[in-house]
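Order of writing sets the chain letters: A, B, C and D. Residues in each chain are counted from 1.
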């Protein structure tokens, strides 16, 4: 067998990521904490979602374990843009890892101010607009993504201002996921990140209380993998030209390959990295092994290769 | 401790179920097959969703196992109303178990014809309108629940005709679950069944194919328990007077108690019964033990007792 | 069918397989070749569903009375767990499940064909046919010699036996299906029974239809419940009156089927299908023309 | 912090606990009382997250050099699995994690208070304080006598010790917090250290604030990662300048905190909160007035 030596670089909206595996938002602190994760071996880091001012976030308890899943809601706790730029970005920059800044806000104005403060900073290669963030301006705390007009407004405003490629990150939506994704792209998003968890509740029957103070949290981890895969598949089939970061329950190289086959251009890893800080490295290794085994030259060769019976390959 | 002897009967929309644990639709065949499940020890049986004519359903493969979940799509395979009435109902009737007939159809007319054939049959105590059924008439195969107007149309038509209480069964919807539930109740539904699984995809990376022929299936089992609990909680909080059957990932008595606390009036068990045919019996036993331990008189005493911090109990 | 707590008596390594012997008198009593067991997985696992295994042996008499054997080929987490189960542990077992192979009333020359763990039910069948005074000939195959199921025992039971392995490490290289036409002639097969991979079964089916030899095959389709409740395990089978086909449950209406009636293309996912209507996140019911 | 594959040397039953000894020289070398370990769960389980345990002992010298001990109270699936781990199995361990107890520079009389498995870190601390020439007095409690952590060893290390159990099966009936005021007086406590259930810690905090005794408590809050990445483990802590409070991570900024700065009501979920805005299925960010 001729030994194909695959290249692992992927290009999404003009940004070259050295590996198709990024740390998902909120699962690597702000990125600047000392950690057992070797930043240099990541394809990129998506920061914790950043707001203009520091936010203290939700009260505890903030998490519960569920069958093959993690239910959590930290309520956008973050040090604010300034805190991030001073405390965290330098260390990320030093590691030389591509940084995708996740931006959030309670209203359109805040998203724009965060964008303006981040988009010129060296090291930051793209923005991810967190549409799961609660719309405090017009949505009574529901996420921007829950209203198509608001999702479009935020994404559009950020995309018009931004000099960097903009990824719109959507929570799980049913049935309007594809429609919302399409609207975000029309509004100017250069790419999409799918998905940001599924709302869930855990109950403590002994204490007659929700396990989370929130009380609703977002479900992540292997439990949601099929849901995230379906989301990526549906959107990728309708919008094959749009770069998609697949995220949700990825824990192994094989999981990542499944997302690439379903139509993702790259993947992000959240919960798995909380359990095994080396997970992204192992996942990248697994993708490489798969490519070699299948004699393929790059992760892009897998994109959307899923053969649905009855459709042409 | 004064030994409270709880009664397990629950009343939903005027129907008395001897136990608050029913077999969920599609997980006990049509109900008439010989099985290791002891029908007499169930609170009730929801039939496989019935259409006017027999349906052959989806091609195989129809299932895949996912982390703590089952992904499946049988495509409404069922013997048709006539087949059910002749083959299955007699055996259910003989067992004396309350039967909830799950009705489905490709369009409003079919739902109505199924209703008219079922509603006078002895043994059938209620109807469950399966809004996850694909709308072949106006929805290009998307479920009725995906369009509020169609959900309302079907539920309204069935409720107007039916002499039996009507439960609307909703799939997971985001963000419009509460809105759709409310519209179904306004249209005449006497109760709600929440939820009917979450769309998901499983990928066979070796064969570059979806694991299911469908290719999208519905995720069920413990993986979705937090999602179903959140759905029940959200709707119950907004519609406290409406009887809710909670379903999704219930495998133990404790799981069932969590649903009752979150606002369900009774629960249904699907996937768990495929794994352990005695699961509903064990679940009912677990609820009883919990009630005794907490000195409560009936499952209704648990309803919505979840104490959300900051709200009155 | 019965649900029992069955003690594991022993776990023996046998080439690529692990043969488990369990104590389950009520199941053993009724078990017939072609039927299967369903075994529950341990609690707190990410894999929840029961696993299904053909009955390889059911002892109704003698020192082993009341025991059952099944052979596990460790592939995924469930079979790997079972292969490592310790003796004296109890398993939650339901069985016997499904329709068994039918024995021929008058015909005598039975050709039994298997590949891989399909050898487990076929070897049980061979024994029962012999006990009924039938002539048994066998074709046994597998990926490697390790996957050839109990060839020595087969030699004892069968008049003639031929072996094929994919890698040629035992018997002839290739599939048993390659040897089938010759073997059918050589032994004067009047009935053919087969168990194993779909591709092989399909070739058996084609040959038997062509030569008009009655035959039965034991299929494996993914099963969520194994007991007829969920309809996830169906196989497209042509109606007796030829008026179309039905989706029959492999767990209750099978796993043994008349291969002449199976729509192989359709079952194996090769039928030209209309492009699915956009599911938009929800499964779509597709009607399949008969 | 280091991530290591640590061999389990032994698992000893100790009343309601199982004490695991593992080989992890790089971790043992740095470990200090109050710090903790995170242990990965086995694959294919429905419970995925690492579990966290206070370091009970770290041997840097002698025959046991390079080993660590932690005590597991089996409650849920994760701790039950650990309690049954067999020697020579390897665990995926990260440690030492978190901020340790600070040793007093000048003050000498240290009162150590614990209940339940809080005894594990407190016993380690007692030993280290003794090694630094401090006077150690101890209050040890638990639900039953089985939950009183190593009382004999405590007697050896402490000048005085008193015991309380909820069911009165050992020492006095009730909580160690009931004995605290008397004990503080009796031993002339200059510093108080505590670990155990929240209710008890809170009472320790109140007394120490009232009497102006410097104190430190080791908290347990649910942790998804234990390494500072996820912010799920926060505790509301009043800022040094009194200008409000911050949500600090128990895993990196704790688990040892100055109890005077913890907003106990808020942390324990008893603060009167505004009714949550309707989340409509999505979590809602709530701003918490400082």
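Keep this in mind: a contact is a pair of C-beta atoms (placed from the backbone, for glycine too) under 8 Å apart; a residue touches a chain by one contact, two chains touch by 3 or more.
Note that the coordinates shown come from a computational prediction; the quantities given were computed from them, not determined experimentally.
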item: Intersection of contact partners for subunit B and subunit D; value: A, C
item: Chain located farthest away, centre of subunit C as origin (C-alpha); value: D
item: Interchain centroid distance [CA atoms averaged], subunit A/subunit C, Å; value: 45
item: Subunit C-subunit D separation of Cα centroids, rounded to whole Å; value: 55
item: For subunit A paired with subunit D, centre-to-centre distance based on mean C-alpha positions, whole Å; value: 34
item: Centre-of-Cα separation between subunit B and subunit A, whole angstrom; value: 33
item: Subunit C, residues touching no fewer than two other chains; value: 46-47, 269, 273, 276, 279-282
item: Residues of subunit A touching at least two other chains; value: 59, 67-69, 142-143, 146, 171, 174-175, 199, 209, 213, 215-217, 221-222, 230, 234, 308-309
item: Interfacial residue positions of subunit A with respect to subunit B in the complex; value: 59, 66-69, 71, 142-143, 146, 171-175, 198-203, 205, 208-210, 213, 215-217, 219, 221-227, 229-230, 233-234, 249, 254, 257-258, 261-262, 290, 305-309
item: Residues of subunit A that touch subunit D when the two form their complex; value: 26-29, 33-37, 48, 55-65, 67-70, 72-77, 106, 132-134, 136, 140-143, 146, 171, 199, 209, 213-218, 221-222, 271, 273-278
item: Footprint of subunit C on subunit D - complex, ascending; value: 44-47, 77
item: Subunit C residues within the subunit B interface of the complex; value: 1-3, 40, 46-50, 92, 94, 221-225, 227-236, 245-247, 252, 266-267, 269, 271, 273, 276-288
